[in-house]
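Going in written order, the chains are labelled A, B, C, D and E, and every chain counts its residues from 1.
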């Protein structure tokens, strides 16, 4: 069991001793049952940290934010506080940190990883919870061993099989504890046997081509192009996204020419074709980088199964190229390396 | 004009003047309307100009409403649309919709001294008002213009400024002088302090880079100008021009319809989001 | 961005105009955005055609030019030069290939015209965003590296030295000379191979400009044309050639005997030995692999007897770096492995020999001192069968290519045989005789008519031993008869293949290989001695089967290319190199990993391109997810616009 | 006009509207959303609120203003004013109903938006009162609405178990009911009381209070420069879900989409945009008046609770709770308003 | 909520596939030149766009071509080991393998994206590759799935 008090104590200690600038973690939210991300700058606030199955966010996203702010401070000629930031990280979050390290976005000494184990289960899918009677009114969800969650609604506590509430990403997760960490709370549970890896992708692949397109056309058609999937992804930290710009580079040094010649690979219109271009590009851009935290899928307001696109390529990378994102931050990236024996038979 | 506010009229570029060169060059365009009646405008108003396929940009109408044959726009090369304008040639067709925004209350200023304070391309939004005031010179007191640019080469409307000398007291300044520069060296707000125009019965109109405006207003106040005597324009990003798309929204105002002209008395109460 | 583009559509006489409606192409292109001038013309590459380009630029104030004509490999330079004359940067001129890629390959005029419009359109869109670039200047190191010391390498080195250039000649064996040193006489003149080669070898050793490094190999190469850095590894040299007196005392005491590869395995040699009497450097050499042991010393007899003190067991391999401006690769050939021709008894029967073995038999310096004797029993073979094309011209089972010289050397072998064994009978199985070359056909005819060699047109199906004879089963396709010859010796004219290690050296040098494994020239006709990498040239059999005259010619050609290259003060490198868009780069270094030329590094957390190293391949572009890097003049924006232009209805 | 519609005759009414595009909530992909009612559709009005509000039917995410092409060098513009079939949306929750008049205001003001109104005029909203809140984030009452509010709706239905009480609110609504003909029955004696009881029961569910609604505007004005904004927005990822899903957010972008680059053919298109995107207000110079997360959160909240009140006398937030429930990082407009008010 | 209408009904049968062929400058483009010099006839449906190396292929080029209405996209480069730039085609192979997998996964007819190795010496193969591709595309009709609908 993760001892949350110990975790709070550890965080408080880091801040107390001035070893870190801040601790990024989770605290109770105000809206519904879900925990929410928080950044703690003072030891006293460490008391508010929580760790439970509603800690959904991949907090590595905030390391990206933090680096951007540090860089902005630098351009404003302020000397940034060079101390590291600490981050509470689940297995997938720590793999995200590993990819950020691999891509030189962070330096290892810039981050203190406070690992938390998923206790052999994982985090919940709020939609699965909401689909249950009274699920929307739940006020707490707690770990109850590897096989169940304890859900509190009003004053009543019910045990619900973990499998019924677990987020899909967690069902398929292969490493539910952070391998990359500076300290680890909770036990490492390796054998989970909830679901086989890539099950959903394999199932989706089983459909006929026309059926597959019908499904994806339906999804691309529904996409609002709110870009929440991108905004939440720790790997989509590009200063300007290639596929559509809601964040884009415009510094005092950006020339008129540069602004005038931005490529419109796809239009802002939320239509099947443009959304397809956006999602397919994003999937390719995440090949070998996506660590399957499932955040993109979780945040999508219209519930597009985005994970499938990423895990499809993750599966190919794993099966064809023996590549796993976030496994080793020293390895060359999937797409900037190759082997002589890479598949060739698809080429004439 | 139809009641479809989004549908531009087709204008034709009748003349192009190169005002300044460099990375952010300025060109002045005279636009006429060969197939439609065009529109009437007031000093300080703007129009949405487009190059089809590139998009739209809000641009101040720099010509005086007294000029009916064409509308004049001075455009700085900044991005997608403005670059397309800079690549355009005489005879090219563009889209124009407008006029948008409020106006300088010129009629209310009759009998007063007018002090125009501008920097860079900021001269353009005031230009129509300046021209009109000069044309109706007898209605106004003394008209002066403080105008500054980075270098002498960055001064726009050079020929016109020479022509106006006399009718208008023109005070030019540059930040970086070259050999032979006769005028003031230094920033516009400093020049303003240096020449210290009288605030008695005067209206000051200022337009330029945000940082310049900030100091000009400070200095105007030091010179005794009351908040109600100071006017400026704000140029938030605009897409629709008709108070809907939300980009120019500052506080309760949609600048494209409530602005862009504000007296400092009005502006200082708005959130500083411009 | 170019806004005033001119387009010329070339008729190329009827070559284009017969299929493509060039007038229509011009008419359509004239309607496109930014095109202000458009004309068709009968021969654009003619003087008046080029003149028209120059005039059009001037008269119409053009800032971009597209010529729709033949492949850019032919006239891109022509028209870029013409553009320059017109006052327009050459990089503002693009070629739309509507001949090779269109008029010549399509029949339907409508389809071809439509496609020509699309191709031209794409070029217009591209040129409109081309930057006028200036070539990148790079200083030159006036020294050359020659890899391989066969006749090709020797000739190149000598020519280069003669021109006053310093040369490093790297040979992996312990002597230079290569395969030619093994030959006895050479066709068609039958002059003694070693007699004509030795003086050149000596010249190499005597030339102060040539630094000869035997038993050495190139480990790695970095840099680029004009400025390569090469790492060379020299094996431990246990015998100091300066001190070796060639007294042969050492080999006398050496207890080891191994097959002598320099004698094609027909004889044995010691672990310490001299490959040829004429070896350069003139010295014994110690074969570490064959020696009973050096670390620690097991036998040490040779060192004891060497009075000159030339032997030193403590020598270690050395690795050193050299800077050179150009590289010539002359790594030669090997014969196709005997083990692969089991059907001819190769490798199974001692008296089935390959060509080089036969050369050694004929050679006065060979095992038999120039007497042709059967390896099995040292008897004079009375009936001998030569089989041409063994391994060559057989794409299904062996090599697809013609080894080119086998017809000639087989004729030579047969002739030599008849000279040695006048009462013997020589048969030659051939597919056809390829004897193009000065005096070659006459030479073959002589061997048939004067020396009575019997030529049988046909393939041999099997060779097997029976009763001490080699029975050769074949067919004479001219008479339509099956033939069976009971021979005493069979000589296979084995195919030539790239020498062992050619693929590795190609990889090290970053030059391409052809399908057949020979080194690839940059253009089969127009750049036959250039490799695909600038500054690296090819000579000799490494590039394809050839005989000595051709080898020497190519060697001299390569040398002259190097001389021309290194006579420049500074080199100009194509400026279409990668360019990082700084604000977009996050320093993820994917491009750094992907760049095959190590041309990108991270500077201050952003990718930075070394323009001199960059070859403009765009591998970096292909991996950067942020599109933070582009190759100039083939930017992603340009490709995007080309795609849009081509597909717009 | 008030009627009773037996649940099993709902379909009959819908079938009578055969010249209309009829939309109703459907549960697919784990979310409720509006879907076209087809012949085989089983209309299920047990929905919690749809993920998208009905604003899309007047203000679609993509609207083509006009097409442009070049004819002999001169641009030719062809406007593409929509000419939709009458569109009936069934099952609109009262919070969303209240959103519509707020949008009407925006798309009128001094410039009437012809595209919006071409659709809006043919749009009929058939509301369905909520018998209970859908989630802890429903705050309709706290912002001055009610689970059975009529504002903005053309028809309001109330679920009475086996039947709906159907009330025509506007003339359009009345006509729509009339077209149902026999499907509708008259009210029985007990019905009005039953309706009142259901409404009252729904209103009795406690909702999270939105501070002191009357003083929120003042509080925001007073704390405009408070560091609270930045603190509360610290974990916002700028995804814009809160605004895209909001029934009253209406910001948009205008772009030219080129279809044939060779001949300058294309369309001028309006697409949704929103103030939570970092670039939304960025000037071409790079200067951004709302360059930080705090100012963007403030813009959203102030627009709903201050500026709109100043301009139009009412809050723009109708309490649907979408922005709270769907925010990926738990930013909660009720909590934000609350903190600003209490600060 | 549907944002746009569904794909239009397939056009008349006689649809000529429109193909964009990205050819590397050194091998496949040279191979196509050789086909030209050898006057080998092949179908005119593919418009070539020459790129320095297949390694420079951005996945966006493929997606964009489909977006702009290509019925098929071909990427052709040097055989493994023959890349003028040594390794570009290996990088391309891995990357485009994933692109193909992805397109297949979402149900774009897999045949519409093709990759081939054509050397400078393979003029005949170039012609074959194009003919085969166009032949395979013809029965598929117009590509409507990823094409922008304006």
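Everything below uses one rule, namely that a residue touches a chain if its C-beta (ideal position, glycine included) is under 8 Å from a C-beta of that chain, and two chains touch if they have at least 3 such contacts.
Predicted model only: the values in this text are computed from it and were never measured.
Undergrad: Going only between touching chains, how few steps reach chain E from chain C?
TA: The fewest steps needed to get from chain C to chain E is 1.
Undergrad: Would you say C-D or A-E is joined by more C-beta pairs in contact?
TA: Spelling it out, more C-beta pairs touch across A-E than across the other pair.
Undergrad: Using CA atom averages as chain centres, what separation in Å is found between chain A and chain C?
TA: Spacing between the chain centres: roughly 52 Å.
Undergrad: What is the distance, in whole Å, between the centres of chain A and chain B, each centre taken as the mean of its C-alpha atoms?
TA: Averaging C-alpha atoms per chain gives centres 48 Å apart.
Undergrad: Nearest whole angstrom, what separates the Cα centre of chain A from the Cα centre of chain D?
TA: Chain centres of chain A and chain D, defined by C-alpha means, are spaced 30 Å apart.
Undergrad: Would you mind pulling out the distance in Å between where the CA atoms of chain B average out and where those of chain C do?
TA: The computed centroid separation for chain B versus chain C comes out at 69 Å.
Undergrad: At least two other chains touched by the same residue of chain E: list those residues.
TA: Residues 1-4, 60, 64, 87, 91, 95, 148 of chain E each touch two or more of the other chains.
Undergrad: Where in chain C do residues touch at least two different other chains?
TA: Within chain C, the residues that touch at least two other chains are 1, 594, 623, 627, 636, 640, 644, 648-649.
Undergrad: Can you pull out the residues of chain B that are in contact with at least two other chains?
TA: Chain B, residues with two or more chain partners: 78-79, 82.
Undergrad: For the complex, which residues does chain E have touching chain C?
TA: Checking each residue of chain E against chain C gives 18, 20, 26, 30, 32-33, 35-37, 39-45, 47-49, 51-58, 60-61, 64-65, 68-70, 78-79, 81-88, 91-92, 95, 119-121, 127.
Undergrad: Write out the stretch or stretches of chain C touching chain A in their complex.
TA: 1, 129, 581, 583-584, 586-594, 602, 605, 623, 625-627, 636-637, 640
Undergrad: List the residues on chain D that touch chain B in their complex, please.
TA: So the residues of chain D in touch with chain B come to 65-66, 68, 73-75, 77, 79, 81, 106-107, 109-115, 224, 250-256, 258, 261, 264, 266, 268, 270, 273-275, 280-285, 287, 289-290, 295, 299, 302-303, 306-307, 310-311.
Undergrad: In the complex, go through chain A and note every residue touching chain C.
TA: Its residues touching chain C are 103-105, 237-240, 242, 249, 251, 253-254, 258, 261, 263-265, 285, 332-333, 335-337.
Undergrad: Contact residues on chain A for chain D in the complex?
TA: Interface residues on the chain A side: 29-32, 34-39, 57, 61-62, 127, 130-131, 136-137, 219, 222, 224-228, 231-232, 245-248, 250-252, 254, 259, 267-271, 295, 298-299, 301-305.
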